[in-house]
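Chain naming follows the written order as A, B, C, D and E, and within any one chain the residues start at number 1.
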Amino acid sequence: MIDHILSVLIFFPAVAAVFGFIIHKDSMRAYGVAVSVIEFALALWLWFAFDSNVSGMQFMELIPVVPSFGINYILGVDGISLFIIILAAFFTLIGIASLTDTKNVKNMIITLLFLQMTMVGVFAALDAIIFYVFWELSLVPMLYIIGAWGGPLRIYASVKFFLYTFAGSLVMLVGMLFMAYFYYQATGVWSFAILDWYRLILPESFQLWLFAAFFIGFAIKVPMFPFHTWLPYAHGQAPTIGSVILAAILLKMGTYAFIRFSLPLFPDASVFYMYPIAILAIIMIIYTAMVAYAQEDVKQVVAYSSVSHMGVIILGTFALNVEGISGSIFLMIAHGVVSGALFLLVGVIYDRRHTKMMDQFGGLAHVMPRYATIFGIMLMASVGMPLTINFVGEFLSLLGFYQQSHTLTLLAGVAIIVGAIYMLAAYKKMFFGEITKDENRNLKDVNKRELLALIPLSIITIWLGVYPKPVLGPINNSVESIVQLMHDKATSVEAKIRIPNVIEGIVITRTPAGEAH
Amino acid sequence: MENLLYIALFSPLVSSLFAALFTATPKKQFIGIIASLLIFTSFVSSSFLLAEILITGTPVHVEMMTWMATGNLYIPFGFVVDQVSVTMMMVVTLVSTIVHIYSIGYMDHDKGFNRFFSWLSAFVFSMMVLVMSDNYAGLFIGWEGVGLCSWGLIGFWFHKEVATWAANEAFIMNRIADLGMLIGIFLVYWNTGTLQYDGAFAAFATLDTATLTWIGIFLFIGAMGKSAQFPLHTWLADAMEGPTPVSALIHAATMVTAGVYLVVRSNELYDLIPNVGLFIASLGAFVALFAASMALVNRDMKRIIAYSTLSQLGYMFAAAGLGAYWVALFHLMAHAFFKALLFLGAGNVMHAMHDELDPFKMGGLKKKMTATAVMMTLASVALAGIFPLAGFFSKDAILESAFVEHHFIIYSVLLFTAGLTAFYSFRLVALIFHGEERYKLFGIDPHEAYKFMLIAMSPLLLLAIIAGSLKMTYYEMVTALLPATEYHIHNHLVYWIMTIGTQLFVILAIVYAYKKYANSKVTVPDGTSAMENSFGYKLLINQYYIPYFYEEYIVKSYRELSKIFWKQVDLKIVDATVDGIAGVLYSTGERTRDMQSGNLSTMLKWMVAGTIGLLSLAVVFGLAVRYSDAILAILSGLGV
Amino acid sequence: MLAPVNVSLESLNLMTLAPMLIPIVGALLILVIDLFKSNLDKTLYVGVSLLFLFMDFFALYDASTIFAQDGTMLGVFNVMLIDGLALLSQFIIVIASMLFIPLALTHKRFHEFSYPEFFALFLFMIGGFQFMVASDNLILIFVGLETASLALYTMIAMHNRDKSFEAAVKYFTMGALAAGFFSFGAMVFYALTGSIEINQIAAVLAGNGYADIGYVLVGVVFMLASFGFKLSIVPFHTWAPDVYEGSSAAMAGYMSIVPKIAAFVVAMRLFEFLIHSGVIWLEVVLYAFVVITMTAANLWALVQTDVKRMLAYSSISHAGFVMAAILIGTTQANSALFLYWILFSFTNLGSFSMLWISRQKHLPDGQSSDHSYDKFAGMIKTSPMAAVVMALFMLSLAGLPPFALFWGKLYMISSAVTGGYTVLALIMALNSAIAGYYYLKLIVYMFMKEPVVGVNGEVYVSNATNALKTIIGIAAVGTVFAIIAVNPLLEFITAFVYNSGY
Amino acid sequence: MFEAIAFYLFAFLTISMFYITVTTSQALHALTALAAGMIFISAFFFILGADFLGAIQIIVYTGAVMALYAFGMMFFDSTRDVKEKQGNKFIVVGMATVAAVLVVAIFSAPILSDNIVALYPSVGAGNTQEVGMVLFTKYLIPFEVAAVMLLVAMVAGIVLAGKKMDLSLTLMNKEEILEMNEDKNKKVLS
Amino acid sequence: MEIGLNHYLVLSTILFAIGLVGVMRRKNLLLLFFATEILLNAVNIAFAAISHYYGDLTGQMFAFFVIAIAASELAVGLGLLIVWFKRHGTIDLDTMTSMRG
């Protein structure tokens, strides 16, 4: 089974979802929890079976699908995707376990399980078309979740989410087809396998165009400024569980794809576009942070904060060195945990008050101290307090990018200021001051079910902030091989300089650590 | 030794977590006691470490575990106890132990008692991490950690709008500086390949001055935020909204001095870039004067002390900037003792006065609160730098170093400030403890604080008095690590003239303050006197209008800009473009759907029209092909 | 005096006629049965039709095995041309017909199915289309086309509602005009080359290097107009929405597939050689047609309020999309055309059938047309299975992977990419995104809106019988599991197309 | 010379006849003009030596088609003036003129092709025989398909014009259909 | 003056154009069908002429089939008109606008 663990991880939830149709709705939640616990256990097994010292792909599977056109069902996992897969399993579990009594809970759980299939699929796929299949397919459950359980503008929000992403990814598809065609021209064989594409060295002019095509698809998903406007609507209207999964996992698809596709396939173009993208990322960071500050709806604050943080991830990715890329991958996980938790927290208060407007709150710390504490922890993680999970990622991303540009990093570093501004302002509005609204006087503090979701997240937030090594180690190995690949493939002189040669680099440093202590 | 180090480091953390367990439960006295005991444990361990260092002179260095390692970056949790850090550890643990004990009494009636100790201990832990770390990243952990705790403690009474506002202001201002710090760290990493102090310092020698200057500047920006140097100083006065023990510990004795610590710690860097050092010194001197001037007129007891802190921080930076690192550190230590004492005394007064802060509404309190009055007076004497108290030795050393280094402007500014310091300190003492008992007008019945609080304060009193005598011992210890610059004015005459002159000047200021404020004519100002309406007074009482400027021009414009970004740019431009594209497509469909009129005749006409359109194209194309040569000839004739 | 003609029977290769003759014989049989005994139940005729279609299928299978061995076959004085295109398109025609005809077994009674003649006409039509695709002689193409069209007009009218007559008349009249265009175009080519056989025309034109480019273009214009009508290329598409709306849903679905594939094959035969000989004008015009048809039809589909009309415009858009294959003209593109159309057949037939099973005789309250979006509101609550299946079809039409049409789109766009039509590939991709909106709209109605008050669940399956459900089931399975079939299909199609020289 | 005179004469006649057909508001005039035009066209066929075609033209068009149209006209009661709302006449005439001018412009050029080979050359036998020869060899299959087409047309005509179309099962509900069936049974019985 | 193929082609085109005029302007469906007959007849002339000038019978064949097609179309067309007329009492195509957009 371990040989096919990725397929099992992908299709187990889907099969379970199909069987879910025959489960009575009263037992559905138990069923959903059971399935997601098994899935999470499988994901953990994957982690234990994963050999952290290997930088390449593990647990590879290959089944021909359309061999004459080079489409194969190829799966594999490396340090980059491993943890996002685990995160996906984890958040589905948390999401189902903390699901409050919504209408149609059965449909919701079935949808979530399907969504899980697509999420795991995206991160495990090593064939561009299979990747694309899962990538697109993930839109459908999310569309349904937003559209069926969302707020008053849910239909607008869900359709916008779907179409925007769909349009972008179609452009990306054209890019993929081009890539396959170039591969065909070079080798005489059609192939959509990413690992095959890695071996292809394209002229820079081609790289530029292809990079742009892929970029549109990824950038909308991330979402990068100025393609981000679907996100506030989607988050604003989605039910809590939808926002949690959207922020924690779905957005990561875009940034993950940058690392999986754009960088190793187009090293020269990555260097060429580094500054424009970094500038976009900086606009994302500062501008959306300011927009977040202006929000009146706490969920929108978190939503815009997501965009802002994604900016840092993008910046780290385009640092094009091991520190930056590792940092950005770590930040993906970190942001997943933290923003997921924040959305859960917003959901907690929404369940009680049925509003997300901050002026309706105030002084909540008096009546909900536990809630305020957990929110505070996540708030501090979100603003990048050291020893929380976010800091590691943010620090490494910015550190990495500093090698490429000092000024831009300085600008991007404003993230830690503006991030603190909107977050603290929101926290102050919600939790501090006297209680002004009578409805808030008798609010119940977080209950057991909510704690069940929030406590593990808090623990992870601190644990990985203090001791990121179990995650950072495997990431580092895989990233080193990718950076090396980029360095080897780069054709332009500038790219050769910008992308460090890892093998050489290792010799220089690594201050001998006093491991004896 | 490692165990001692770990005990010193982690017992505050244990204390914090222990108290945190009870945050949601009602007040429990034993939590305060246990927390104090744990902090005391830390103090004891630190003392042992100090003894160890004094005896052996070798630093204790441990590496606990890896924190971050990726690419070439390797950051461990490493801790070092050397002469510099042990000084800080002693200061921190001692003052915190006292503040913890004091707080048991001070926070007696507060329902956030448990939470308070959790935060306070967490602060101690962060501070310990800050001073003990053996690398910049670890320092940054503590750096941010103390910022966080400061936020939590300033905003401790979160139901008060001003308190939470001040907390956020402090946090955000510190963040601005932290960005500088972060950039400094990046620069260190990319230029030296490591963030460990020893590795980085070793590599600094090989770097060019420009790079070093940048590193120095950015690290100092970080220090400016934490130590509230101009222009990031406004948060410190506002931070006085927090409980007074917090002000004593964080905003006087420890956290705000972290900036000085950073400069001292990076002395090998700043030694290489004297220009930056000079800038630091100048800024320090400026802040010393600037803050002292604001303290002259202020009518808020805690704020006066806060400005005094600010002013003294300026002294420290002046010293550090001039290369007299050990002097800066010594002043830091001495200042910690008497300033904490001053604050705790102010806390007693506040308790007695039911949180009244205006010294003009007090007066004559010495009868009711003799112990406090004595302590605060002695602390003020120490602050003013009167022989033989602690302040004299440390401040005098700073003045001397400025003089010896021939920075006479700095010297004179600092000297003048010393006079101001004496004046405002004794203005405060006079207003509080002497003169008419004005508090009676407000129907307040003051009483002395708990005895154990006073006892807890006594070590500080002792140290404020005798710390000066430790100067040479300290000098010998710390110069093992810091540059051993001893400032001696070789001409004895000049030395004596200077010392005595300074003393006289200061005493003059004290006497003037007493004369002006310790008599019975002092009344509660009502804003009508000529002085209160003078330009200078207004300028000072409004803090040079700097907070006003920040609020009106920076905060407001940020808020407005945010609104504009959201309402105008995001919704009306970015999003509207997206929706606009969809809208254009849709309305194009809507407008052209009339083509499908449903009338057969129209349909037939469309078909014919289509054919004719094609025909015309065909003819054009056919002609173009047939006469292509001619067309080309014409075109070339036209010069196309 | 004329010499007597000696023709050996073998040289006629009469076997090439078998697939076309089978449905014609079937049609005649139905007419004869009706003569002897009227008032027989429609199930008999459905059965007979299916039987003959199966025979037809096996005849085709037989022919295709021969083709696989011997290559292109000519027959009966070289009028018949059995090549890969002919076989592939006939497969599509016959299979789509087999999927269509059981839809006659409805729960409600409808006028057309009470006629035995309906089934006879249906089989005649299939025969007509088969002749049309299996020849490169313009006369036979014309006659086959007219046979099929005349039958089709009648079958539409036999639905017997005002709208269906209106549809039939519109279709007929425009068809007559198109027939005029076709004959004029054929005349021009004849005048140019003295021949009306496409390969001969191609040979002659290539021989003189397109000296009479003006004439060629006039011929091409009229042919384009004629096939533009059949393929519903903007601006010759105007009949399509009205005719789809007027005819029964099942018929509309059928019309969106079968006549078009026949027309595509002829268009491919006719225009491919022109494209390849570098008639730039044609390339430009086709490019414009493809883009305009895709885009404009999509835009009109956006604003529809009736699902059937939306599907009609969507079919136009899909036709435009597939037209790209003719423009690109590589083997990959032509294979993509067939692959696309096969996958499209399943999905589109499925979605029209979903409309068919929800057909009521009378409009529910508050609805202006048979299949307005409102009817589908909240369907997930009233009949979840139907909603899910319909959503599947919509997603497939939108080109969402891994459903059927995605693979067609993938291969088609890929062929554009390999053919060097980068911008076209992008336009095709973006058009899919625009199209996403209106397919999504239906899903939104079904899944995210509350059911319209007073409509109960039975409305949606009012016309359902097991036969209908089976057909929809087949279509759904084909749509969902297309991923498995793509590879064998692709290999099969590519081999056939390649061996036919396209 | 004779050929030219005949050509121009008949060309003038056909054009004017057809012009009348499309412009007159009298249906009867239109019909007559159309029939006349058809006959004049057959004259061209005779001129061009396509005797068989000429005969067919007269028989099929002027005989069968025109007769059918005449019946139709009587049925539709459109023997009198036909009132037609006209939109923009300019568009109609303009478009047709443009079309004609464009095509004429091209067609006035001679065909340059020199490699045209007559596939089925006239061998000097009578036109009818030659036509028959080709029709029943090469065009046998189209001929048969045309027969099917005519059958389809016939069936279509019968079905559409039949009485059964008067009632629409599509629009009737169950009860009405049952009732109708009973009526029918009664009729059969009676 | 020799009458060449071009003359016939031009004549055919003119007749075809007249047919188009009829198709476009006629609102009475019966008269509209007349116009479609003109279209086909116009083409027939050209076919016969080409056939004559090339000495090839194919054109006549085409013309022959065109006539057959015209006849069949007529049958179906009239059938449709009859049904419409029975219901609506008119064969004006302006009455057929129930579907639009």
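Just so it is clear, contacts are C-beta pairs under 8 Å (C-beta built on N, C-alpha and C of every residue); 3 or more make two chains touch, one makes a residue touch a chain.
Not measured: the values here are computed from a predicted model.
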Per the touch rule, with chain C out of the picture the rest is one piece
Output for shared partners of chain B and chain E reads C, D
The chain pair joined by the most C-beta contacts is D-E
Furthest chain, CA centroid comparison against chain D = B
Closest chain to global C-alpha mean, per-chain Cα centroids = A
Just grab the chain with the largest centre-to-centre distance to chain C, centres being mean Cα coordinates.
-> B
What whole-Å value do you get for the distance between chain A and chain D if each is reduced to the mean of its CA atoms?
-> 69
In whole angstrom, the CA-centroid distance of chain A from chain E equals 66
Approximate Å spacing (C-alpha centroids) for the pair chain C, chain D = 28
Taking each chain's centre as the mean position of its Cα atoms, how many Å separate chain A from chain C?
-> 44
Overlap residues in chain A, where contacts from two or more other chains coincide = 163
Going by residue number, chain C touches two or more other chains at 139, 143, 146, 150, 153-154, 157, 169-170, 173, 177, 191, 194-195, 214, 217-218, 241-242, 303, 437
Sites on chain E at which at least two other chains make contact = 5, 9, 16, 19-20, 23-27, 33, 54, 56, 58, 61, 65, 68-69, 72-73, 76, 79-81, 83, 93-94, 96, 98-101
Which pairs of chains touch, using the document's own definition = A-B, A-C, B-C, B-D, B-E, C-D, C-E, D-E
Enumerate the contact residues on chain A facing chain B in the complex.
-> 160, 163-164, 225-226, 228-230, 287, 290-291, 293-295, 321-323, 326-327, 363, 365-366, 369-370, 373, 380, 383, 385-387, 391-392, 395-396, 398-400, 402-403, 406, 409-410, 413-414, 416-417, 420-421, 424-425, 428, 431-434, 466-469, 472-473, 475-476, 479-480, 502, 505-506, 508-511, 513-515, 517
Chain B contact footprint on chain D (complex, rising order) = 87, 91-92, 95-96, 98-99, 102-103, 105-106
The chain D residues in contact with chain C across the complex are 103, 106-107, 109, 111-119, 123, 125, 129-130, 133, 137-142, 145-146, 148-149, 151-153, 155-156, 158-160, 164-165, 168-174, 177
Within the complex, which stretch of chain E touches chain C?
-> 5, 9, 12, 16, 19, 23, 29, 32-33, 36, 39-40, 42-43, 46-47, 50, 54, 56, 58-59, 61-62, 65-66, 68-69, 72-73, 76-77, 79-81, 83-84, 87, 93, 96, 98-101
Seen from chain B, its contact residues with chain E in the complex are 593-594, 596-601, 604-605, 608
